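Shown below is the structure under consideration.
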Amino acid sequence: MSVLASRLHGIVPPLSTPLTEEFEIDTKSLERLIAFQLEAGVHGIFALGSTGEVAFLSDKQRATVLDVVVRCVAGQVPVLAGTIDMTTARIIEHARAAEQAGVNGLVVTAPFYTRVGQAEISEHFRLVHAAVELPLLAYDIPVAVHSKIEPGTLLQLVKEQVVQGVKDSSGDEANFRGLLLARESYPDFLAFTGSELLVDAALMIGASGAVPGLGNVDPAGYVRLYEAARAGDWQAARQEQERLYRLFEIIKVGLGRMAIGSSAMGAFKTALQLRGIIATNVVGRPQLRLNAAETEQIRQALHTAQLL
Amino acid sequence: MSVLASRLHGIVPPLSTPLTEEFEIDTKSLERLIAFQLEAGVHGIFALGSTGEVAFLSDKQRATVLDVVVRCVAGQVPVLAGTIDMTTARIIEHARAAEQAGVNGLVVTAPFYTRVGQAEISEHFRLVHAAVELPLLAYDIPVAVHSKIEPGTLLQLVKEQVVQGVKDSSGDEANFRGLLLARESYPDFLAFTGSELLVDAALMIGASGAVPGLGNVDPAGYVRLYEAARAGDWQAARQEQERLYRLFEIIKVGLGRMAIGSSAMGAFKTALQLRGIIATNVVGRPQLRLNAAETEQIRQALHTAQLL
Amino acid sequence: MSVLASRLHGIVPPLSTPLTEEFEIDTKSLERLIAFQLEAGVHGIFALGSTGEVAFLSDKQRATVLDVVVRCVAGQVPVLAGTIDMTTARIIEHARAAEQAGVNGLVVTAPFYTRVGQAEISEHFRLVHAAVELPLLAYDIPVAVHSKIEPGTLLQLVKEQVVQGVKDSSGDEANFRGLLLARESYPDFLAFTGSELLVDAALMIGASGAVPGLGNVDPAGYVRLYEAARAGDWQAARQEQERLYRLFEIIKVGLGRMAIGSSAMGAFKTALQLRGIIATNVVGRPQLRLNAAETEQIRQALHTAQLL
Amino acid sequence: MSVLASRLHGIVPPLSTPLTEEFEIDTKSLERLIAFQLEAGVHGIFALGSTGEVAFLSDKQRATVLDVVVRCVAGQVPVLAGTIDMTTARIIEHARAAEQAGVNGLVVTAPFYTRVGQAEISEHFRLVHAAVELPLLAYDIPVAVHSKIEPGTLLQLVKEQVVQGVKDSSGDEANFRGLLLARESYPDFLAFTGSELLVDAALMIGASGAVPGLGNVDPAGYVRLYEAARAGDWQAARQEQERLYRLFEIIKVGLGRMAIGSSAMGAFKTALQLRGIIATNVVGRPQLRLNAAETEQIRQALHTAQLL
């Protein structure tokens, strides 16, 4: 069993990246956010994921984030880093930088912008694997990269020990279940759901854990959900999830004026600001920022969810 | 009228980027390729576009390409540079580097990986415009970025003089025609088609020119097509286009074994290698490389098109 | 509470439609299939759904199916009928015919072929509702009709008592959960999943029941799954579901030679033929028919699932 | 050469279907509309196409339309009939009815609602061809049926003389050109564009003619466009097309309040009503009807286009 497989499970929030008014990394806020997560009992930290607005950060800013995260987490839980970029050579640069920074594993998407098939996706993961020592998780997120890592592709990569697991943000729970069943053959295979809304169901069918963006806002809620599920108390898990489902509606507050990306990133950051964890609700450009009226709606939702 | 608008028209091939066996820029081949294009009479050069495999190049490699292109073109025709990346801050870095390198204009896509709407797309172009002095062309390529720059968005940006024109790789010729009609209000607006296959039709309905990937392989053919169209000889333009249409079938040679990205990039490079312009048919990773049997098919197609 | 809401729950298989070699309804096989389902303890029958190949049947054949189903079920369980067609007027004709035939409820999709929005979808359901006495279930199946009945649309129709429930074949379990949560306001609202593969999870989060195409082949398995879930034995439910998940792989046997429609319909019918329930594995034209080698693979899968 | 191939060319409007306030066929209006088209010099009539709202008509209404059309056209130009339905058996019923009604050719889409591949599409056309004597045109309209008749599939069916031609409403002009080039091998192959907006370009690259929905409103304009193109006067053709392009904006008048289907059908019918050809702007249900303010916008557009 790999070191990662033996340690990684449970709630692994895809850490938001607090920004200053000048669109730089707000390291003080980031430190508070990490502390907030660890105190809530999260089981790992995933830095530089989609929720971490990795797509909006310069290489230098990415490095800053990883430095702060590795320093603050200080080995208490595993740290994963997203190495999001269009193709292999660029990703390998990010992967090496993350390895240098001291993270414990990498989360790698299929290529994007270019049009690839399953053969190119396999080649991609093999090349990244060959370039670094760190264990890899495949990040299946068709809504962002517009191709699917097919289960046959993924399981072949697992068989070759190129990847140790998957973060499934496909929204295709039926397909995800097929991966879970494949653990009959590959018992160490890590399978995390990227869903915020079906974590109880995912755990019931065997998921290793969850990587919920909303976990930034309410890590304690997701940790309770996970512990209830682990104890087989599905009723408690479901109730917790239903509360979080309703809280997740905050991602729609900005819709109409802006697209779902701005609206969701803005909602998480506004909620964290309202909870006193981070200093601003600034989002990466060209995303739009939630305004005062929208902020007020977020405040109401936090009250309803008993988070304020 | 902007300097760009007064000079830019006609055939502007999206320059392939020759690579060595070690996946580095093959500068000697690149120099030969540029000379080959200029000798054929192309009216501009578009470096670091999708066909230039910009998505596969490191920032350092992008800089090398621009240095070679600016030096070799030496002002004979305008040089455009693609600044392809996920979001605004990263693109502004590329834009400044390209400005430093001495190009004459930038070609900028909508954001990708993240999900944006038209408001975010507008904000994006305004921010890039504010960050550099160079004129911008909007690069509408939904197949790569998975959002459309809607005509209302684009024409508003034209009105604000944020963008000077468009490279339309949408495949939506009816929409493209709507942009052409808008030149009643914005006569300097540059509108280039990214199609390889409908250049005669695009010119007939008023396009400023074309940015055909296949132009790498047969720039003289596209220049003849353009000159025939400019002379109103639509029969000659059509015949040239039909020959090039048939030649374009080479992009399918690798299909099945690989996806369309690998297959198309590989076809152009293999054809250029067979024509003696570049040294290898190496493509950026994780794309797959055309093999000997596939190369033989390309050779046959070049014979049929009277290019060998 | 409507009569339907008080009676409808549990496993409601979307009945396959056995055909003769001449592509006519095989009424003897259909009678055996209905008896097979009832003996297994299914809680309802859904005739003329997508799995019932309603799209392939003439109006006369649809009438024959409903006559046989109503006669054979004879009130033992509720009978639902699909009224699948492109737009309102045509659907109202099917709805009236089904009402005449004596079914207990209708399952109605959004319009298709034409491009509609949510306003037209709402109008559509209101018009069908006004034309018949029977309760309606909305059939949300974007893969077939290529539009989504948005939750806001659906819940407004529930509020107006235009529809009594939903059959959710969207594959979007997170959205489905939102509908389930809305039952706080609409406790009689029926919400069935169309999934074959996540029935345990759907029941755990509160679904009224399931409409699994694979239920044709193994109704007893799905009934066991449902009873285990109702008893709160999630471990047993999960095991049953995992066996059925593996069995469901039969729908891929024909893939490659044919598309998923032919392959899935053919797999269900071939399995029913092998189990001795129906006489042929003929599928509606232009679907392709599974051949001897493919039939042998189905046989193996039935053995593995302990159904032969 | 088939009889159809020798006669069919030019402008073949997809005839709108006038409705009464009670949603029945308004035969008087239909007669006037046909006379209006013939007087304008159209070269054929396509009844029961998408613009004819075939998806909204009962079988009886379809029969009424064909009876009126065949009687009024009276052999002056060829009459084509759309036989739109989900799958083969249902389409064969429509095809036989149309044959009985006396039309000259049938326009047949790929199956829809169900998921088919190219093998099933081929089988479908072969079965329809075997069932009737009339020549078939393949109707490639992915926006409605959500699958593409691939060029390889289509040309094989042409080779087998299963289909005589294509009505291309795919919006993929580059692919359409490939079909036109295939006429080197199949000179009788009829290839019509379904575009309203690129008819000059389509004719320039070799199309047999056009089937423009907007032709209902301004058949004389499209006939002039066609005659100019046939005379090689591309400048005149382009000017006519540009005027019609601007007129086509009327299809957007209802957008927002309704979807594009309602908006486009309503625009054509409202324009025909304003021009005094048909009695109402009623559209098939559940489409929404243009209101007085929207009608006023259509009136303005007709003035601008010099049609009022």
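Lettered A, B, C and D in written order, each chain numbered from 1.
In this text, a residue touches a chain if its C-beta (ideal position, glycine included) is under 8 Å from a C-beta of that chain, and two chains touch if they have at least 3 such contacts.
These numbers come from a predicted model, not from an experiment.
*Asks:* Which chains lie in contact with each of chain C and chain D?
*Replies:* none
*Asks:* Going by average Cα coordinates, which chain is farthest removed from chain A?
*Replies:* So the chain farthest away from chain A turns out to be D.
*Asks:* Between copies chain B and chain C, what's the superposition rotation on C-alpha atoms, in steps of 5 degrees?
*Replies:* In degrees, rounded to 5: 180.
*Asks:* If you average the CA atoms of chain A and of chain D, how many Å lie between those two points?
*Replies:* Here chain A and chain D have centroids separated by 49 Å.
*Asks:* Nearest whole angstrom, what separates the Cα centre of chain A from the Cα centre of chain B?
*Replies:* 35
*Asks:* Please output the residue numbers of chain D that touch at least 2 other chains, ranges allowed.
*Replies:* none
*Asks:* Can you name every pair of chains that touch?
*Replies:* Those chain pairs which touch are A-B, A-C, B-D, C-D.
*Asks:* Which positions of chain D touch chain C when the two form their complex?
*Replies:* Interface residues on the chain D side: 23, 50, 55-58, 84, 86-90, 93, 111-117, 119-121, 123-124, 127, 143-146, 257-262, 284-288.
*Asks:* What residues of chain B sit close enough to touch chain D in their complex?
*Replies:* For chain B paired with chain D, touching residues are 171-174, 177-178, 181, 195, 197-198, 200-201, 204-205, 234, 238, 242, 245-246.
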